[in-house]
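Please go over the structures that come below.
Two complexes come next, and they have one chain in common, chain A, joined by chain B in the first and chain C in the second.
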Partner chain A sequence: MSFLRIPFKYRLLMPMGLILLAIMIFPLGYSLAISLQDYELSRIGQERFIGLDNYIRLFSNSSFWTAMGNTITFVVLAVGLELVLGFFLALLLHNKATFMRGFFRSTLLTPMFITPIAVGLMFRFLLNSQLGVIPTALEAIGLRVNWFGPDLALFSIVLIDVWQWTPFMLLLLLAGLESLPEDPFEAARVDGAVGWAMVRHITIPLMRPIILAAVIIRMLDAFKVYEYIYAITRGGPGEATESMQYFIYRTGFIYFRAGEAAAMSFTLIIVITLLVALLFTVLRRESA
Partner chain B sequence: MKARLYHMVIILTGLAMLLSACGGAATPAAEQPPAAEEAVTLNIIVEQVPDYDIVAELTQTFMQENPNIKVTFDAMPYDAMRDKILTSFMAPKATYDIIIVDNPWMDEFPAADFLLDLTEYVKNTPGYNFEDYVAPVRELTTHDGKITGIPYYNYALGMIVRQDLFDDAAMKEKFLAKAGRELTIPKTLEEYLEVGQFFQENGIAGAAMQPQRGYKVFEEWKNWLYAEGGNVIDADGNVVINSPEAKKALEMYIEMYETAAPPDSLNWGFDDALRSMASGQSATMISYNWMLPALNNPEGQAGELAGKFALYPVPGGKAVLGAWYWAISKNTPNPDAAWKYISWLTSPAIDKLRVEKGGAPVRASTMQDPEVWEKGYGESYYTTVYEILSNCEPLARGVHADEISNEVGTFLNAAVAGEMTVDEALAGIEAKVKEILAK
Partner chain C sequence: MKHTLRKFVTRLATFLILVLGLLVVFFPYFWTFLTSIKDPAAINRPLDFSFTPTAMHWQAVIRAGIPRQALNSFLVGMITVTIALAAGAPAAYAFSRFNVGGAPTRFAVLLAEMLPPSVLIVPLFLLLYHTQVLLGTIWAAVISHLTFILPLVTWFLIGFFDEVPRDLEEQARVDGCSPWQAFVKVVVPTIVPGMAAAGLFGFVLSWNDLFYALILTTGSQRTLPVGVAGYWTFRGVEMGQMSAAILLAILPMILLSFFVQRYLLKGLGGGAITGI
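The block that comes next holds the complex of A and B.
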């Protein structure tokens, strides 16, 4: 087989193909292979092929499904809130009449420049019932909230994520708003549309592709929630804030059971893919 | 033909570059052990704790005495250590020649054949006095009859109290009126609960507890379990956690949390509890014995409360043992230099210096040395630590000790949070531990 007989365009693709093979396809294939083995990092040399056992066992692992449920709840709540808040803020900042628009544009973005582990630690102290500023302030007006108790812990983590990542949503949506064509708005104005009607019937439909992109980017990121949980609750109380990433991390890197951890990761990939497909279908249908 | 050859060469070069970037490491030079006089660098992974600062200071003397051995430390927080250690073990040549091993890993790492057998080294080092290590700490050094770890420092649990509150005349009088007995340091769980609730009623939290999910809550609660005479696994390896003793111990622990701990402290770890003690908001805590000197340090975080704290054995007397060990990676190219360093640092003379400077003791001779009492934290501290260390047992043993500790802690935390009943939690622990042991 002569190398020169390969069409020129494919020869040009080869270097990139090789790089992708080395850094993406090989590791993925390798971890897929690990997921089919009884593979413990502290028992190297004793690994054996067990087929789909790791996957089958996941079905009866209640902690895994609790973690999956928590993670999906977290993603839906966090990304939903970020979208609503981000969109509202983007509309405000897009409006040329907004007071000190330039100043707010830059300051509102700052939370997303902080490393998430630092944000986790910050809120751990801010919400600490003995030392924290927030509980002290709330107590002054007669409110007692146990932020990290069984009922609220997951929601508190959602709020922290909203605090940090709404700016990201804002940034994407604002860029989207600024790139929208002026004509439909002018036409609507001529027809007498104002305020909410304008947003509902012109802005949102035009923004749909951008919203879809923003939601997917944030969603994929939110599925990786780890730092806040690690810094604050360690998955507790009980399993109330156990997230997929924390669960997989513990299985793989604390208990060294790489086979099981790989099987969990692939199951998570399947679930995420299904969710993204669902999101696409829903938003496409609406726009059709 | 020429063009084909040219293309092949380019592709092969590209492939070779890619592969070499992935492979790296094993060069022939690395596999040859260095000659005796050749300069050697020992890389050591350690946890960033007060004891490490003392070790780093002492190591300067070692390097002056042994100019051909350079010691470098990689100090980091606990949570970052386990995976770094594992990757070092699995590399063709160790990243860390010497590692420190936490007691839950002391069966796991030797079973995975990661650690160098030190038995002969110990035997052939004159004046080392290995038997001097307190028995419960020494027991963990040995796996399958081989010594694979050398004790570094202990973190057995004790009860730290605000002595001034226990000595306060008004408090004593009030307690006598309420309980009908003298206000004394609690020796049983019943007494501890009663004293805790008494302080709570008098404006200070009775116990800064640490019910955080994971090994943390287990580390605290297992002292309660011992106090009732229970255990998770008995001497024959049977899972005995689902017992009346465990039920009582967990019920009392939850009652203490609900009636005498600082409010909303469900996710507290040892640092939160320490802050609560240091800021005068709690009267007692069950924590690492080495925290007492930190609290009593006038320049430490307790400020003017420094000097008012005292250490006692936990109620019931038997405590959870925690200890760190020095170990040598099996894949180090410098085993002799590594042993030279470890045996120097842990020798009776240097260990004494370490403890005098504030290190947590592991050798009986050090704890019984009047000179150490004088230069360190006083006789009562060392005799109490010795008493604690003489009657203690680790959280779990075996190759899955770390996983057992973490999983048990999940159920305990859920029970304290009210997410499950005490019976459900204990049954859950029983099933989980059996499942882990069967792996």
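The block that comes next holds the complex of A and C.
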């Protein structure tokens, strides 16, 4: 069959399709196959098929579930805070009356453009108990806070994520606000709605699908948290900040247990899919 | 009168909140810069500002691997983005004009971008290992970065193609262009701003990646984030160098962000996020 007999619209898709087939779809299948084998990177060539053993073993791997719990706690707290802060800032920066609006927009958005490993290292230094400026300053007023101790470490990682990614939430919501139709706002204004009443009864209902999309985008991204943990705690103290992405990286590339790492990845995908489906159902029901 | 006062107070409060936000955003940059020009002894005294500025950390970082790593990151970003735009633009056009696969496909493209890298890293590592030559080179980074930048660029461009009026291609077709010619000569020039924004955003993401680059590149082929991650230390001397390295990694992206933000806002509003 000649190339030109393929309909134009499918020809347009072929370059992307072929690339994704080679670097995503085939690797995904390969990964699934690895997850069913006793596969170690330290002895390539000696792998053997063991069915679902890697998955079954995960159920009794308490470190895996600790990492899963940490990651879910992290995602919920970080994305929740980012949504509240981001929405509030988006409203301020959407308002044409805001002084120096353009300046604040471009400066407040900068954190989302820089490499997360640099963000992790900056905050590791800022919050360090001996050398960091924040603990030193707090100590000067009598407060002793151990930011990366067992109690606070995960929360500190959440705050770092909020610093870097609230701007992205802000950008998504701002884009949404700018795309809303003017008419409902005009009508409400004629009816005398101002301030919070306007936000609650007009803006939020109109923004609902965009908020849902923004939350899902940020959530899926937050599940990949890795750099801050690599830069700061390496999963510690104990297992307090062990995240899925970091745990899988360690299992696969420090302990070389590729089979188990692959099984963990697919379990993670299943958990993420369930959470996204749950979110969709809850938010859809509320709007109905 | 009361109304004007209320308006004034609201505006002032808004301004103060935004200034506070600005301080929170800029303090880490400022502090990192300050550390990069302090001598090692002064770094150990965080609240002491009486030090003589020094360029020693910057000089040390520039003599070390950082410039080479920046060049690697630049090349990886450029190659990745070029391939992503060349393959992503026609695909985005197909999704936009011919609605191939409908709305679920648009969402699937987005989901592809969001796939946790941990799922792909093991098979990518093994595939690259079996090629014998690619593992450890910047090409390994390019291949792994395409897994998220190609879907992202495609998803982003769909919104821009949605806004191109159909009359344009129809006119070109009447004038005797083939569908391909109409696409390349008439449609593509109208979305150059969108392609630039998508390309720059993709470049930023590639430049910032640590996870793939840490595992897939080695030696002189390491990218900048891997180099920056190497300053994982707490000795005064190296803290200064770490700060200089961090600034070298983030400043170009902050500057780029000023150019790309406006288009990002437009691109995200034009169906990319509103269309889900």
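In the analysis below, the second predicted complex is superposed on the first by the 268 of 288 C-alpha atoms of A that agree within 3 Å, B and C clash if a C-alpha of one lies under 4 Å from a C-alpha of the other, contacts with A are read in each partner's own complex, and residues count from 1 in each chain.
By definition in this document, contacts are C-beta pairs under 8 Å (C-beta built on N, C-alpha and C of every residue); 3 or more make two chains touch, one makes a residue touch a chain.
Computed from a prediction, not measured in an experiment: that's the story for all the values here.
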| item | value |
| --- | --- |
| Which superposed partner A:253 touches (first chain B, second chain C, both, neither) | both |
| Partner chain in contact with A:157 - chain B first, chain C second, else both or neither | neither |
| Which superposed partner A:263 touches (first chain B, second chain C, both, neither) | neither |
| Partner chain(s) touched by A:79 [first = chain B, second = chain C, both, neither] | neither |
| Which superposed partner A:236 touches (first chain B, second chain C, both, neither) | first |
| Partner chain(s) touched by A:178 [first = chain B, second = chain C, both, neither] | second |
| Comparing the two partners chain B and chain C, which touches a greater set of residues in chain A | C |
| Touching partner for A:30 - first (chain B), second (chain C), both, neither | second |
| Partner chain(s) touched by A:222 [first = chain B, second = chain C, both, neither] | neither |
| First (chain B), second (chain C), both or neither touched by A:42 | first |
| On chain A, the residue positions that both chain B and chain C contact, one per complex | 15, 19, 41, 44, 128, 131, 230, 253 |
| Of all residues in chain A, those that touch chain B in their complex | 2-4, 14-15, 18-19, 22, 41-44, 63, 128-131, 135, 144, 146-150, 153, 230, 232-240, 250, 253-256 |
| Residue numbers on chain B that touch chain A, as the complex places them | 3-4, 7-8, 11, 14-15, 18, 22, 79, 82-83, 86, 90, 108-109, 111-112, 114, 212-214, 216, 262-267, 272, 275-276, 279, 281, 399-400, 402-403, 406, 410-411, 413-414, 416-420 |
| Residues on chain C engaged by chain A in the complex (per definition of touch) | 11, 14-15, 17-18, 21-22, 24-26, 28, 31-32, 35, 43-44, 46-47, 83, 86-88, 90-91, 93-94, 97-98, 100, 110-112, 114-127, 129, 143-144, 146-147, 150-151, 154, 179-180, 183, 204, 207-211, 214-215, 224-225, 228-229, 231-232, 234, 239, 242-243, 246, 249-250, 253-254, 256-258, 261, 264-266, 268-270, 272-274, 276 |
| Of chain A, residues touching chain C in the complex | 8-13, 15-17, 19-20, 23-24, 26-28, 30-31, 34, 41, 44, 89, 92-93, 95, 97-100, 104-119, 121-123, 125-126, 128, 131-133, 136-137, 140, 163, 167, 171-172, 174-176, 178-179, 209-210, 212-214, 217, 220-221, 223-224, 226-227, 230-231, 244-245, 248-249, 252-253, 258, 261-262, 264-266, 268-269, 272 |
